[in-house]
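There are two complexes below, and they share subunit A, which is joined by subunit B in the first and by subunit C in the second.
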Partner chain A sequence: MLAYTLRRIAQLVPVLLVLTVAVFGFVEALPGSVLDTLIGTEGGDDAETREILAKEYGLDRPVHERYAKWLVRTVQFDFGNSLVTRRPISLELMSRIPATVYLATVGIMLSMMIAIPLGTLAAVRRNSAVDYTAQVTSLAGISIPEFWFAILCVLLFSLYLGWLPSSGYVSPFEDFWGSLQFLILPAAAIGFRQAAFTTRLTRSSMLDELSKEYVDTARALGHSERKVIFKYTLRNAMIPTITISGLQLANLLGGTVVLESIFAWPGIGRAIFEAILQRDYPLIQAGVLVLGCIVVVMNLLVDLTYRLLNPRVKFA
Partner chain B sequence: MSELEADKLVDGAIVWRAPPAPPRSRRLATALSNAWHELRKSRTASIGAVMLVLLFGACIGTPWLATHDPIKQNYRERLQSPSEKHLLGTDRLGRDIYSRLLYGGRRLVTIAVVAVALSLVVGVPFGVLTGYYGGLADTIGMRIVDGLLAFPGLLLYLLFVTIAQAWKLEGVMIDLVLVSALALAGMPEKARLARGSVLAEKQKEYVEASRAVGDSSVSIALSQILPNIISPLIVTSTVRLGFVILIVAALSFLGLGTPPPTPDWGSDLSAARDYMETHPLIAAFPGLAICYTVLAFNLFGDGLRDILDPRLAER
Partner chain C sequence: MTGDAHNKGSDSTRRSFLKASTALAGTALAGVPGLADAQSPPKKHPKRGGTLRFGTREDTIGLDTHRNIIYFVSTPLTGITGGLVDFDDKMQPKPAVAESWEPSKDLQTWTFKLRRGAEYHNGQTIDAESVKWNIERIKDPKIGHAFTRSVLADVERVTVDDKHTVQFHLKEPHAALDINLIYYPVNLMSPGAVDTADTHPVNCGPFKFKTWRRLDVTELVRFENFWETDSEGSNLPYLDGLVGRPKKEDRVRLTALRTNEVDLIDNVAYADAPAFKKDHGRTFDTWPVPQVGTAMMYFNLKNGLLSEKDNPDAHLLRQALAHAIDHEGIHQAVFNGIGEISKGFYSSASPWHVKDIEGWPKFDPDKAKALRKKAKGGDERLTIIANDTFPYMQQSGEIVHAMLKDAGFNVVLEILPGPVMLEKQNKGDYNIDSTANSYRLDPDGWYGRNILSTAPETRRRNGYKNEKADQIILAARKEGDRAKRRQMYADVETLVNRDLPMLYTHFVPLMMASNKARVKGYNVSFSGPWSYTGAGMRRTWIEG
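Right after this comes the complex of A and B.
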């Protein structure tokens, strides 16, 4: 396990390198030079200023040197300042992370609370009404765009019924119950969509387990069906579901851009979206890089957990 | 012998002639009826196929099916309910929603199909060759793929869209940038799949046989192995098409796709939000159109998987 873990960590290095090259290349691919942007914010467009600024920011150096320099600063979490707010980007991003983590975690928990019972029931009562309902619902969940589902929820629960606020955010540390009100709609939108995937998965892995011989043995020994399902099969069937939920969580941490902007949720996805609208290129660059790293590391953690849960998987 | 027929005697000799090949139209009909026969095995696949035929029919027939110019504004007929003149009503600028849906769908489906085709064209040879050669090529190739896969969710597209906006690209160019981003993002999945299948196929006898006959490596990899791994590729591509449509719609919903007044399901939906309380139907139609399209691809892909891989159908 240790050797495997170390090897997987070593494999992260090239992946992260590709990520940094891509993100660095993004700014290089922008039209005009970074100088124009800098001059736009610091003022004074003449040859002398240009030269001084170019020296100061190292823009007179060749690309690979600039990349190396940028990389060294990036590793130290020094992303420079936002062009819009002038605050350090690392602070801007740090302040946005909790909201995203809050939303993504609750969303995934909701999804598992829907998917595991529904998927299990669908597998146990195969071809019953429950099974068909589960299949149709999960197909719908996969096909309905999340932003449309979200605005339909807003239409129903905020505009018609007036039960919940249509958008906004309150930190759970300030006012827990108040923050739940704002959380319900976006988390439900996430939960419904993600549950669509995991319900199917739970159902099919449960069916897989139920067809195995140890189940027949357990039944032959006279164990009740309840015990067979809850004590033996469900545990095994849960492994893929938990793994996929972990991967979904990783992806959500990096990409709830759409829902965060619909619900005015001050997460990191929305920060990047706003930065795009305001052409705050350094912030976009840093934001994408940070999210990319979070996803890569989360994926690794999920993979390692999967192997801990399921020792049969070879450490290939 | 039975396939040949004695036609007539020429100079005392019997001339044997092959029966005329059936006309192309009939051959096509046979192929289609065979395909339909296969599809009938799965109800999901046949429903999906019918939905897709309708969808593609609507996309091809858009100029004839549309009743109005999708961009022409008409302030006298703003926010109308569905009527005989405007089948699905009009939007906030008096544009015909039905015609906008048709033109928007045509564009969206084209973008998705081109993007997925491109990701296949790049990803499959990439995966087949790295898998076939193995060694250093494989290691480097797969690390690149891993790096691309590390880009979470929408972020890769957001980077591309930002670049497109910064260059002040317009019209088709924005679509091209989007298509290449989508293709780049879809490429790793195809490359991995192709590589995995090649690794499995590489061991089999027919590859050994080709090598013994003296075929070159590239031709074995592309002409012998590739045809054997097509079915998983078709299935993932179909499902991916639905996914790509969701992404493109989401991007234009955020206002990062082609700017108005181009008809677009995502941006039309976003614009309709302001009138949601008074005219919910305007927001309903583009959303339903997206659902229909994605559902069609998903059903077809699911059913296809059951047909092509009967072991999974049991589940």
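Right after this comes the complex of A and C.
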């Protein structure tokens, strides 16, 4: 397993290298320049000022030279400074990533806490009221746009009932219980939607597993139904659920821009979005690279989890 | 803040919930025309203390107040800035760091006497040398933001007479240098703290910097040695501190105010403003700011179909466009009936407003169609661009697009992010730009920078040139008599409305709202919360 893990980590290098080239190329290809942002309007857009600023920010150098310079610094964990805020990018990222990881992780945990019992129950009691309820609820979760559900939650729980704050963020490291109050609504908005997908997946995986011969064998051997379901069937059925939840988590790390706006949540998605709008090249590159690393590591962790669920899984 | 979040809004009812749900589902709220002024000046005695939580649409993009535009309405960081001159609620210049000032007879040298004892936040004295250093730093193209530099374009050099006297020597006579120096945007920072300008700025405004996390929070604390005092000699500001909470979405901010998570917000959406005032006026004060800017359709005169360089019938085509645009439609659909339709740059609330301006061509779809058919290029494709940052620019672009389609124009609309907009403007890759410009304290800030043909922005943006307008603008710059200047600029507006390098559409109003029970003493005028002697954030206190 150690050799497998090390091999997978080594495989990250070319993946990340390709990612950096792709991101650099993508950012270069965007219309509009950070120089336009820096120069602004009303009096600065003469060739001389443009030249001075391009030199000041190293934008007068050819693309490949800038890329090489950036790569050399990045492998030393030096992302440089934001062109817009002029503050260290590591500082910008480190103030954002914990908020995003916190939200995405709790959101996915919530989703699994809903989806696994509900999906399992729906499969075990197929065509019962529980099954129909689970199917309708998950269909509603898939159909309702996440932002709309979030807004309804805000209206109900913040504005009408006054139970929870409508927006904002408190770091769990500063005030854990306080942070939970701000976390509940955005995490619920994420969790409900993701649970809708995962419930359906868990149900169909469970139905698949329940139809296999080993389940009949276990029952014939006289194992209790509880043992058959929880010890044998669910563990096998969890593999696709874990895979999807891992991908959902990875997706959420950079993909909660809309929810971050609704809940004024200072996450990495919004920071990268703003950086793209302002053509803050180094921040976009660093942000996407860090997210890429997280996604790749998440995939690795998901793969390693298979082994925990089913010891017969062999790592090639 | 956490505890406050549990406080149920006192006016939360099932009806309000349903009403809000309905609004979110896209149903238009019932409009109530006009906005009454907020409460009359406070009768209660000011209290020192309290922290005001301010929900804003924008946040600063960086901390160095010379490098970045510190937008005066919406940016909490503005609280740290201060400068030589302030203004009052009538938009007249008032002493700030400079106690007095005087221009030479030829208006080419301005002498400022500095206030003794005025300090930067780190205790460094604000002396003439430091003022000189600030002006030179702002004028450095590697550092100063272009907008800020542009207001100092006429300053040739700054000299120090003595520790408390500084002189500005201008390239050309200028009657309004003092207005240009008002602390937005020409603000002063401590030369001794320049190394921390991007991480911990040290300026001289009413509040000191504490922390900033972009798009999350700005924390400021009272500057105890701020120069301003109230009528009883107590130091201003009254507030212990200020916490800025940027919340970009208008309804997210409004909800945060209603759930008592913030005390004051800016930019209540035009669609929500009348209903909010009607339904929640007992709990919340509303503060209408009549004009933070002026919206318009810029026509590209540098090149393309609307430029005389490429199309001999360009003026005819611009007239056709003007006749096709229904200002009342924009007033109702975009601004929800709030504010005023504009015929010039200054609204009726401004001291620079002039009534008798010859307006733009009236809305007349039939005439628009006839002129379009008559003009060369009337069937060719026109491109409207609009900035995606400001909803009213997009919405104005959308409604103008629809109006022009109705008049038979072949027109497309592109809603674009800022850098792409700038690139298209620089290259002249557009025909019509749905845009706006911020309020200028002195008219030269508008006409001298956006209408004068030699001004860099005019050259960059639309290439308008009218020799008569140029002569008037340059003469007005040297005119000391305010009434005469006002009339001169009115004459320019008439020329603009005839030539149509742009079509003024509407003044950009803004409504702020605050928690009536907590926020006391607050008042605003044109520039939002920051820029006043005797008003705004400096005179605000928190009750309870």
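Simple rule for what comes next: the second predicted complex is superposed on the first by the 246 of 316 C-alpha atoms of A that agree within 3 Å, B and C clash if a C-alpha of one lies under 4 Å from a C-alpha of the other, contacts with A are read in each partner's own complex, and residues count from 1 in each chain.
FYI, contacts are C-beta pairs under 8 Å (C-beta built on N, C-alpha and C of every residue); 3 or more make two chains touch, one makes a residue touch a chain.
This one's a predicted model, so the numbers in the text were calculated from it and none came from an experiment.
Legend: residue contacts after superposition of the two complexes on their common chain; A:L93 is shown touching neither subunit B nor subunit C.
Once the two complexes are overlaid on the shared chain, A:G178 sits against subunit C while remaining clear of subunit B. By the touch criterion defined above, A:T85 reaches subunit C but does not reach subunit B. By the touch criterion defined above, A:A264 lies against subunit C but remains apart from subunit B after alignment on the C-alpha atoms of chain A.
Contacts of A:Q278 after superposition: subunit C is touched, whereas subunit B is not reached. In the superposed pair of complexes, A:I229 makes contact with neither subunit B nor subunit C. With both structures placed on the common chain, the touch criterion links A:L159 to subunit B and to subunit C. Looking at the shared chain after the overlay, A:A150 reaches neither subunit B nor subunit C. Of the two partner chains placed around the shared chain by superposition, subunit B is the only one that A:V296 touches, whereas subunit C remains out of contact.
Under the contact criterion defined above, the residues of subunit A that touch both subunit B in one complex and subunit C in the other are 31, 148, 151-152, 154-155, 159, 261, 277, 279.
Taken in their complex, subunit A has these residues touching subunit B: 11, 14-19, 22-23, 26, 29-31, 139-140, 142-148, 151-152, 154-155, 159, 203-204, 207-208, 250-258, 261, 272-273, 276-277, 279, 281, 284, 288, 291-292, 294-296, 299.
Across the complex, subunit C is touched by residues 31-34, 36-37, 39-46, 48-49, 52-53, 56, 84-87, 92, 95, 148, 151-152, 154-156, 158-170, 175, 178, 181-182, 261-264, 266, 270-271, 274, 277-279 of subunit A. By the touch criterion given at the top, residues 143-144, 146-148, 150-155, 158-159, 161-163, 165-168, 242, 246, 249-250, 253-256, 269, 273, 276-277, 280, 283, 287, 290-291, 294-295, 298-299, 302, 315 of subunit B touch subunit A in their complex.
If you check the complex, the residues on subunit C that touch subunit A are 1-2, 5-9, 12, 14, 16-17, 20-21, 24, 61-64, 67, 69, 141-142, 145-147, 149-150, 153, 198-199, 213-216, 245-249, 251-252, 255-256, 258-259, 261, 417-423, 426, 449-450, 455-457, 460-461.
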